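In what follows, chain A forms one complex with chain B and a second complex with chain C.
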Partner chain A sequence: MSVAERIDIYPTHEYEGFKLRPGRPLPFGASVVPGGVNFSIFSSHATVCTLVLFEKGAPAPLAEIPFPDEFRIGNVFSMIVFGLDYENTEYGFRMDGPFAPEQGHRFDKTKILMDPYAKAIGGRDVWGDTPDWNRVYPHRATLVYDDFDWQADRQLETPIEDLVIYEMHVRSFTQHPSSGVRNPGTFAGLREKIPYLKDLGINCVELMPVYEFDEFENSRPNPATGEMLMNYWGYSTVGFFAPKSGFAATGRLGMQVDEFKTLVKDLHRNGIEVILDVVFNHTAEGNENGPTISFRGLDNKTYYMLTPEGYYFNFSGTGNTLNCNHPVVRNMVLDCLRYWAAEYHIDGFRFDLAAILGRDQNGAPLTNPPLLEALAHDPILAKCKLIAEAWDAGGLYQVGSFPAYGRWAEWNGKYRDAIRRFIKGDEGLVGEVGQRLQGSPDLYAFRGPTASINFITCHDGFTLNDLVSYNDKHNEANGEDNRDGANDNNSWNCGWEGPTDDPGINALRTRQMKNAAAMLMVSQGVPMILMGDEVARTQLGNNNAYCHDNELNWFDWILLEKNADLLRFFKNMIGFRHAHPALRNRWHFSNRDYVGSGYADITWHGVAAWNVDWSDGSRVLAFMLCGKHAKNGTARDNYIYVALNMFWDALPFELPRLPLGMRWNMSVNTSMPSPEDIHEPGHEAPLNDQNHVLVGGRSVVILVGK
Partner chain B sequence: MAFECSLEMTPQGIAKITLSGELDASVAQEFRDKVDEAASQKAKRLVLLMAGLEYMASAGLRSLIFAKQKMGTGVDIYVVAAQEPILDTLTMTGFQHSVILMDTYDAATIEQL
Partner chain C sequence: MEIYVDTVDYVTVASIVGELDGQTAPIAQDQILDLIGPEARILLDMTGLQFMSSAGARTLLLIYRHIQANNGGVILAGLIPEIADMLSATGFLDYFEVVETVDDGLALFGV
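After this line comes the complex of A and B, so read on.
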């Protein structure tokens, strides 16, 4: 039987030679339909909407097509335009409506507005190319193809407790000349370095913003040096649906979508998940003095949280706050994340200043924020990791109390603070460190340790090297007289501020970095490493390097050789975590024996076995994991004993007895020089004295019982 | 340099398209027409001789997908002697998975039907 071919979509209207038809209101944005392109845009207060078409790169529009009245349904303007050249078309909108800031409206029909659903954005194709500031339409929505061949790829769905996350910046990773890649600073460059990531042993990269942003936002010369300071990190979104063109070597061809997908596919092929750092708390439009790029001109009152006088609430510390719990905005966030998950196979998201996502339209914290609930229960995002930075710049601090709906994990800021202070030798922390090492059950009693993303360093604040090399921040290069950046760094310079030739200080610093790596990798929860910490990357004491497109941020690949010992330690410590399921439990310890091994799942020790000094003056803690309780009793592992001596002198630790026939073996001893500091997993050194181990001052010892 | 493209059908049914100049959106249709022609003649292989091709815009790369669809999954597409930047772009954007890349025309492989 032959089926007659249907022609449903055919032109019904014409305007200056363009053939048109009333569009489909959903999906929003531009989508290719048979013979044409469907444009759909929302505004609840605009009176007139015009589609503006450009030939790629042209300074002036090719055409302006007003949406006929009958093409609007509700508050959505939609139109199909036939016969467009997909390759060469850029589009935007003009919106007419009231300019009445006191009522929240800032319509300006002289501006051409970018589609908030733009899937690719042209106009800033190459990173750092100085823009033509007089352009009528600088960030240009373009059309994308959905023809990418993913072959057998899909989200990896690695259990979150098995992840070792590596937080990184796409450009920083390979922009340094020492990277040796063909296309430095790009997705393609990162892809060339996948073997390094794989060798390091991480199985998840968390990419700092890769959405289209404007590196020239608030760019200014450093008053002292004249060097250009930029919006380098990119925490200020221009387009939520579009990968940053300037991060793609093929951006000038408009192929950033393909290049980024190819990167994701290759990372997946190497067993590495991809988490995106998403910034839904504000946009690049700033406050009332900022540029009008998109939202402000489309529907200011809907998209932004406004004061009763019509000014912008500033919970983000950057000028404006996205009105995330307005139903329309909420849907945009949801659409956006679904798009990245479905179209780019992204494995998870880390939400910048996520506490904002739990505020209502007037900024008050909600007990049951609909956006967070919707994300947690979304069918398409069901296997994605959802990670909150559970605070904002407006003073809402929700570590331990972020509305989780059984899904959300958090950057555990309390882990960072406690471990930092413990490592530097502060008193009174043994009790808290005990909580942090076992996945913070005090914070996540019902959510389990996987709610805790454990980290000691991240892009905000000192690098690990700087944490042990500086007492104070040194942010002069940011051009704000060292006023910016956090002051509560919990850092210790080990006796000299900044770089030194003193071998004793340098040895202590290396040991402290190893102590940090060891604690992070034996903690229950999900460890996150900051890019370059494994080779002692320095920002010269700058703890807020957001504005530097230079060596302060770039990964110096020469450090791989220079700090080969530390790199080896990190590699083997990550390997140790992967080798031992006892370190990767989904649920909290029960402090009892539920498998009949004769040992509780976790037991606590001190210099005397079975006897912890929890007092304020103590800087010593040890614990043992029973291998028969690994993965909550579902896996078999060795017994693991970890002794943390953050006191300055060496101390003998009495060892708990193992089951008959088992012996303790030395795996890690950070007080020893490389390669005795760590043995490859499976190649531990048998211990002569099975009753005691001497743990050096400010050192970590890890034993494996087998 | 102006874009040029020509089609040659061998007696064994191998379609050879020689491309030179700059393949961008404005001329991509010429290339697609040749692919159409090759497909209509039931070519068993499609060989794209690219030594003289200096530039390939995204429209050109997309044409490879078009060729793949047009020829059917059973017909291998060979990209022969593509210049370095084009090869680079193919690799960075994942398009190399749709075709077989060759430095030089390897008759033994291509013509073994």
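After this line comes the complex of A and C, so read on.
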């Protein structure tokens, strides 16, 4: 039997001219259905719920339609409204219920509330356009068609050990006038610059927050300069299901969904994965003095961790904490990530302050957090990379102990700290650096090196250039008397605080940056580079530039020429990593020979071959990777020898003997000027002396045996 | 929104004038789909189109799919920069041959 037409495309109810029908409770949010739109919203304590419809941009509602009693199932109100113009409709909800903060309830029927499942959000359509502060409904849920034509695309599923991640901010990448793109600061602008990323050799971008946020949250003029300080980075979510409208050149047309999907598709076409930096630890509503945008008015007690007195727990350092292990919130997070994975083909997620996701509803750390377990085992997220920032602002530090379920990787903060200190010449680090270079088996014995996202710099803290140019942070421009930002930077200015004309200091700084790039690229685990470090981007010593929509954050494309030497080094160093599977093992070294090559998979050396000075006073370490043990013995590679001399004088290193017939060739020597600092993979320079190599002070040498 | 249809040799030239938005796109869609037969050669003249919304872009892609299913061909002519930029940023332009004038389009079709 076939049915010509479904009967549920006809309305059964009417309210003030709007044709209605009882909706479906799932999926939550607004879904375009034949003839109309299905709206579904949850609240466990609301007594009355009203759908509020606006014509796009209108100051006052077009209509307010109360959900009839029979449209509620359980705690979910759902309704189909027929005949809406999907492009020109904005919607929200009014919820009535108790206002009793001491019991956790903060209902306020004067507020129009945004749908937490909104797939697109208007109100901040064009970045930086000053909002009308008197609007009754500032962040407006809108409707989208999930009809994108992906053609042959899906997630790339690149093995995580093969990734080179590039952490970047969408607006910062092309907003600088020197970018030369048609639509600066947008998804479309980033798309125009894909050739640069491909040429650099990275194969994964990690985008700082792209969920809808309010750049005007907590905006204020800098008392000293009058310049507007903003919520520029966006670590404060307004809507978890909606891409930032102001990051889209077509945001004013409500086409941010198409524009962002087009960017993802094109990145994939170029072999580049997309990881989103997601902020599920708190929302943009702040504490009891913050705005009521959505969650607070929908079901405060469900969505937020509250103290027994009804105030907001503040494990995030931003005023509130999302109640992630409440079953309803947990499902919302899961729905959200599934949506981004399935609908946007996102390859992975990096969870901001992820330790919060492992706390129970009273804030106590859980040994078996249901949310983290659910994400790890979810069928739709099964191939997505899951990366935790394994700490929070409440003092929970879980690097090495984050509940992983065989899936989760971590930002390895200990890698960053140890490598920074080693590079600046601190003593007593050779032992720890040995662990960090091989994927931190001391932290991830059973999880393998791929649990470790290795980084020396990230958006928080100094850029690489500033790490070698400043001893101290210089955050005056943030307007907080230099009190904000971290103080433990493990940085060294090489002899002068800030920019200098001294050629000796500048040469040392360049060499230190190259040392950092070299160490990062030969470490087991997953390397992450901060946008612009490859061209020595500076924030003038500001180590917390979250509030600046200016050159402090923007990528200056003139640096490509100015620092072409460093860029070339990065490019070839990334190429070196891609060329050598021995650097990209899935599992830890076993320190023995299990393929019969006569060499263990990794061996340790010093100025004397086979002999490391592990003592506190040592600043020298070398290691050799056996090419027959590449990818845990499944691939063949050259032998690789890496000598790290972080002592200030040059030292001769005795080389380990290669198998008969092989010879050492010079690939990298950071003490040499460009282009002798690095040879393109495959074009290494043969070494005359096969027994010793002189490694300059504060320099890295990498040899290839073949 | 108005659509004017002309035939030059084996090419159907459809000129869309005005605005293509949520109200007008369904109308344009109906009219243009009617023009698509087997191996249709359709030249969409956008010279007089002043505005296109998300619904308009979707209509274009739908027309493309219909023509493709009929083993035909489609060319866009005379897009104003604002519309070209929007279609480019959102990926819709990737599906189309784009030319500046109707004559260029006819030439590309070999007329």
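As a working rule, the second predicted complex is superposed on the first by the 699 of 706 C-alpha atoms of A that agree within 3 Å, B and C clash if a C-alpha of one lies under 4 Å from a C-alpha of the other, contacts with A are read in each partner's own complex, and residues count from 1 in each chain.
FYI, a contact is a pair of C-beta atoms (placed from the backbone, for glycine too) under 8 Å apart; a residue touches a chain by one contact, two chains touch by 3 or more.
Keep in mind that this is a model prediction, so the values were computed, not measured.
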Q. Looking at the combined model built on chain A, do chain B and chain C fit side by side or clash?
A. clash
Q: Look at A:T262 in the shared chain and tell me whether it touches chain B only, chain C only, both, or neither; answer first, second, both or neither.
A: both
Q.
If we overlay the two complexes on their shared chain A, which of chain B and chain C does A:E87 touch? Say first, second, both or neither.
A. both
Q: Return first, second, both or neither, reflecting whether A:L322 touches chain B, chain C, both chains, or no partner chain.
A: neither
Q) Given the touch rule stated above, what does A:I602 touch, chain B (first), chain C (second), both, or neither? A) neither
(Q) With both complexes overlaid on chain A, does A:R182 touch chain B (first), chain C (second), both or neither? (A) both
Q.
Once chain A of both complexes is superposed, is A:L583 in touch with chain B (first), chain C (second), both, or neither?
A. neither
Q: Would you tell me the residues on chain A in contact with chain B in one complex that are also in contact with chain C in the other?
A: 85, 87-88, 145, 147, 149, 182-183, 187-188, 191, 248-250, 253-255, 258-259, 261-262, 265
**Q.** Interfacial residue positions of chain B with respect to chain A in the complex
**A.** 25, 28, 57-59, 61-62, 65, 88-89, 92-95, 97-98
(Q) Show me the residue ranges of chain A that touch chain C in the complex, using the header's touch definition. (A) 85-88, 145, 147, 149, 182-183, 186-188, 191, 248-250, 253-255, 258-259, 261-262, 265-266
Q) So in the complex, which bits of chain A are touching chain B? A) 85, 87-88, 145, 147-149, 151, 182-183, 187-188, 191, 248-250, 253-255, 258-259, 261-262, 265
Q | chain A partner contacts - residues on chain C that touch it in the complex | A | 21-23, 53-55, 57-58, 61, 85-86, 88-92, 94
